[in-house]
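Structure provided below as structure tokens; questions to follow.
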Amino acid sequence: MSSIMNDTTPSEMAASTKQWWRIDARFIPLVITISLFIVMATAGSVLYDGFFAPQVFLNLLIDNAFLCIVAVGMTFVILTGGIDLSVGSIVALTTMISASLVEHHGISPFITIPLVLVVGALFGLLHGVLIQRFRLQPFIVTLAGMFLARGLSYLISTESISIDHPVYLWFAQTRIPLGSASLSISAVIAIAVVLIGMWIAHATQFGRTVYAIGGDESSARLMGLPVNQTLIGVYVLSGFCSALAGVVMTFYMLSGYSLHAVGLELDAIAAVVIGGTLLRGGIGYVAGTFFGVLILGIIQTLIAFDGTLSSWWTRIMVGVLLLIFCLLQRFLEARRTAH
Amino acid sequence: MNMAQRDEDTLIKRLTTHQLFSPIAALLLLLVIGTAVIPHFLRITWFEGHLSGTLIDILNRAAPLMLVSIGMMLVIAARGLDISVGAIVAITGAVAAQIIGNNTSVTGTYPLIASIAGALGVAALCGLWNGLLVVKTGMQPIIATLILMVAGRGIAQLITGGQILTIYYPPYFYIGNGYLLGLPFALFIALLTAITLHVLLTRTALGLFIRAIGFNPVAAHVAGVRSRLITTCLYVFCGLTAGLAGLIISSNVKSADGNNAGQLMELDAILAVTLGGTTLNGGRFTVIGTVLGALIIQTLTSMIYSSGLPPQVNLAVKAVLVFAVMLLQSAEFRGTVRNVLFKPRTGTSS
Amino acid sequence: MTTDVQCILRAHGITRTFPGVRALDNVQLQLRAGEVHALMGQNGAGKSTLIKVLTGACAADAGSIELEGNVVQPQSPLDAQRCGISTVYQEVNLCPNLSVAENIFAGRYPRHSWLKGAGINWKAVNEHAQQVLAKLDLNIDVTRQLSGYPVAIQQMVAIARAINISARVLILDEPTSSLDDHEVKQLFAVLSRLREQGMAILFVTHFLDQVYEISDRITVLRNGAFVGEYLTKEFNRSALIAAMVGREFVLNSEASKTQRNDTSDTTPVLEIRQLSRKGQVHPVDLQIRQGEIVGVAGLLGSGRTELARLIFGLDRADHGSVNIDGNHVALDSPADAVAHGLGLCPEERKTEGIVAELSVRENIILALQARNGLLPCLSLKQQQELAEKFVAMLGIKTASIETPIGQLSGGNQQKALLARWLAINPRLLILDEPTRGIDIAAKQELTNAIVDLARKGMAVLFISAEIDEVLRESDRILVMRDRRKAGELAGGCNEHAVYSLIAEHA
């Protein structure tokens, strides 16, 4: 029996397989995303005067803080192979509840803000239970949730309610200096969410189970991972992130309005996909999503700097990027199965 | 139990388990409520050479949704989904308006034919794009059509130059505002499409093929059904119905709005398809049910608008509807309900 | 207790009945420490049911499982793992998107202390994983994604995970089906190591060579019953095959068939030359003439089904050509094959054959209508006549032709599938395991029908795992082994000739 041992060791065999490609397949989309961002930033800096300024880049964060927060939650949902279409509506609902409670009912922001975060998480819980317990399609469940949240915010008021509570004004106006430039508190919150998201994804049982479910749900169950709780958990997390994004939006807009964040779910999904997360789940990084958001932001900035391009080019370019990344994903998947 | 009673029982059972029972019952219920709550709900009068009244108005407004829902139904029946229909509605409106031109001097029939042909051509191309993306790359349908959903509104705005293009060409208004035999012309477009499709489904093998693909795509493929070709064609058809809806809508409001035309139309269409009794898992579908589903949604919307309730309730009501329909379709939910309802009872009786 | 080595797992009296079938009847199995034990049997012998019982995937109706003297009743595969019975399947049950190390430690991660944030200690995970794999003589980059490695390595990672959960018993269910010769050797090296470490290993396979290469003992099952337990070195191939098949080979038996079609001078209906697809079938040549039944014999995984799929255009061939009636044709999809008068009853009847929700009538006319295209559409009356005709002809037992086909028994579903292809009046019908899972009477009717059709001029490619069935029906037999053509035999040859081709050393 020992004769078969001295042929080749398994490690040699592994070493001989596709070493020409040094980057692990997991990282290819992420590398492409970051490279794309750098290319776009460089192109902007070369083409337009005043583009290469710290404040221009920090503004990417300031103007897209809420998108960034929503996209982090969405990343976890998509990593399990699901989708959450309700995020934009929950943002709108959060701004409406906040504005209404603070301005019309005189309730302290320090009670209001935790309350709306709980409401968002409960919305996510509803989705999660329906999807996990009753095996409904995430798409249709969160679609209904989207209607419901938007409908509820209309019920509170169809008019925009502006907020001029001092606490909100403070959050909106405070700037944290960073050299010659500065950051808003919202942007800091967004960065914190990204960092916490990265930690959850990388270093917690919950985060790893999310990846395992996306890889192979039945294997994950067989490995003894808490699949059911995690499936519900990602929707709770997404609901919570949406509510937090809603809070940040009240800081940014200083108003509550039912028509805030229309179509935000599409931007969030686009950011996640452009960030290199596989829509079938299992592969992707919160850091990638962060760069996906920055890419969406820089497209708008580029178009603004150009001045001759109209705003709708943003949508077309996002669509084209989506197409490229989806095709890239299919290509990578096909390569893997062919392997 | 005597024979007559038993016959009656099976008749009732057959009626209530029929695929169309729930949508018809829901629509009737809505009409009853409407009659009770809204004054003159059922009144139809002859006014300026055509029928007029709340019901006629509902039929007129429901026409675009019927069209889009029919296309969506076919795609869903073959295990697909098309969430770009709203964007296609916007694009076709924009194309038609652009072809007609943004001035008051347009006359003759040539612009009418050109705009309709151009708009429908573009709509078919959109559908072809979706179909090829799904069939050739093997992307999930929701993702493949998401691309056009995102980019489509940008394209529509590109065509209109970001403006709301106003149309000043009276012949075009007929599509969405005209009346034929006293009834809205748009309704004829929708019904003609539905009937044509019904004929295609029953007189050709299309219905059989779609059901085979929807129930078991692999087996259909092995049996020699050209499932890829058929699936692509269904997406093209879906694009065309969305294009027709885009024509009606832009004609109705006499303008093309790249940003807002057909907003949330994909969701309404999916809802109409589900309400009509088509399952989202593919295979089982009904044209009449889908038409009824679209009517239910429009009736509900119109009732809310005219009942004095804030129109925004509409979305919340739709949400509750979707949740209810979904749960009723879920085997797990029915199982849970059975357990909750019947377990304790058998426990106490035994 | 005999003088045997220590018995770790002892299952006896295992009985399991499914509706209408007794899958396991009073079966026993003993696994000893430091031994590789092969579980052998033909399709339907009860191997997979026995494994399901051992791993808790399904419960036994009777019998008991003792693990190191304690009675265990695993409720689920997870539960069985906790008891110490781990299974590695042909389809690796790991997450392909996670790293090798994580796949070994998922759910049992080493943690940082609370002071350092209580997160997962990836450094420890990777180091431990490296150590665990080193025990299997496997030195690979554990931080890379699992799917980046070949299946053989993935299986070894699965084994590493299994033994890391301190398994005493390792079940390998067809682990070598998708491995090449070299990879099999790697796997066996690992198994040898584990054997030295005192692990009890149950090895399920269809490859006789491998059984003799690695196993110490063999348990044979047949028709759900225990045949015997043998020491491998005292049990030769013919004896093993006889035990699996259930009868001795009669050497030089006379050909039983008298009436055969002699059509060797006509143009073949189908001729394939060097048809191959990477990883599935090595180049194969084959000719089938009008009225001829060509049987395909071979063990599971020998490339039988893959060959059928290639011919029918279900999989695209890399090389080779297909001629029909002497003309070169490109079969890129089943639709093309159907257009050229080919039909295929697939092996997976439920997932690839029937459309369960459609009626018997619709299932029967599906292929004919697919060949017609959208128009001309068969009228309801034509459809009914056609369906009624075949229901009567093949004796399909159904409440009505409008019954959803999913409600029929397996045999009747198979007959309806046969009817689907007969409706297009095919030149060549490929039947992949048409009689599997069907009771004996139905089996006989089905094979009679097939022979009748061939006598009327239809060419048939008949694939079956049951060698005697192939022998009985075929005019010529193509024997497959290890995804290549092992040889061709004239009809009426004896079983021994087939088995010797199958069992031949590579």
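Each chain gets a letter, A, B and C, in the order it is written, and its residues are counted from 1.
The definition used in the following text is that a residue touches a chain if its C-beta (ideal position, glycine included) is under 8 Å from a C-beta of that chain, and two chains touch if they have at least 3 such contacts.
What you see is a predicted model, and the numbers here were worked out from it, not measured in a lab.
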Of A-C and B-C, whichever chain pair has more C-beta contact pairs: A-C
Relative to subunit A, chain with the most remote C-alpha centre: C
Separation of mean Cα positions, subunit B and subunit A [Å, integer]: 31
Whole-Å gap separating subunit B and subunit C, where each centre is the average of the chain's CA atoms: 46
Of subunit A, residues touching subunit B in the complex: 83, 130, 133-137, 139-141, 143-148, 150-152, 154-155, 158, 258, 266, 269-270, 273, 279-280, 310-320, 322-323, 326-327, 330
Subunit C to subunit A touching residues, read off their complex: 77-78, 81, 93-98, 102, 106-107, 109, 112, 117, 119-120, 122, 136-141, 143-145, 147-150, 152-153, 156, 161, 182-183, 185-186, 188-190, 192, 214
Subunit A-touching residues of subunit B, taken from the complex the two chains share: 81, 137-140, 142-144, 146-155, 157-158, 161-162, 258, 267, 270, 274, 280, 310, 312-320, 322-323, 326-327, 330-333, 336
Subunit C partner contacts - residues on subunit A that touch it in the complex: 1-2, 4-5, 7-11, 13-15, 17-18, 24-26, 199, 202-205, 208, 211-212, 214-216, 218-225, 282-283, 336, 339
Subunit C residues within the subunit B interface of the complex: 312, 314, 333-335, 337-339, 344, 346, 351-358, 362, 365-367, 369-375, 377-378, 420
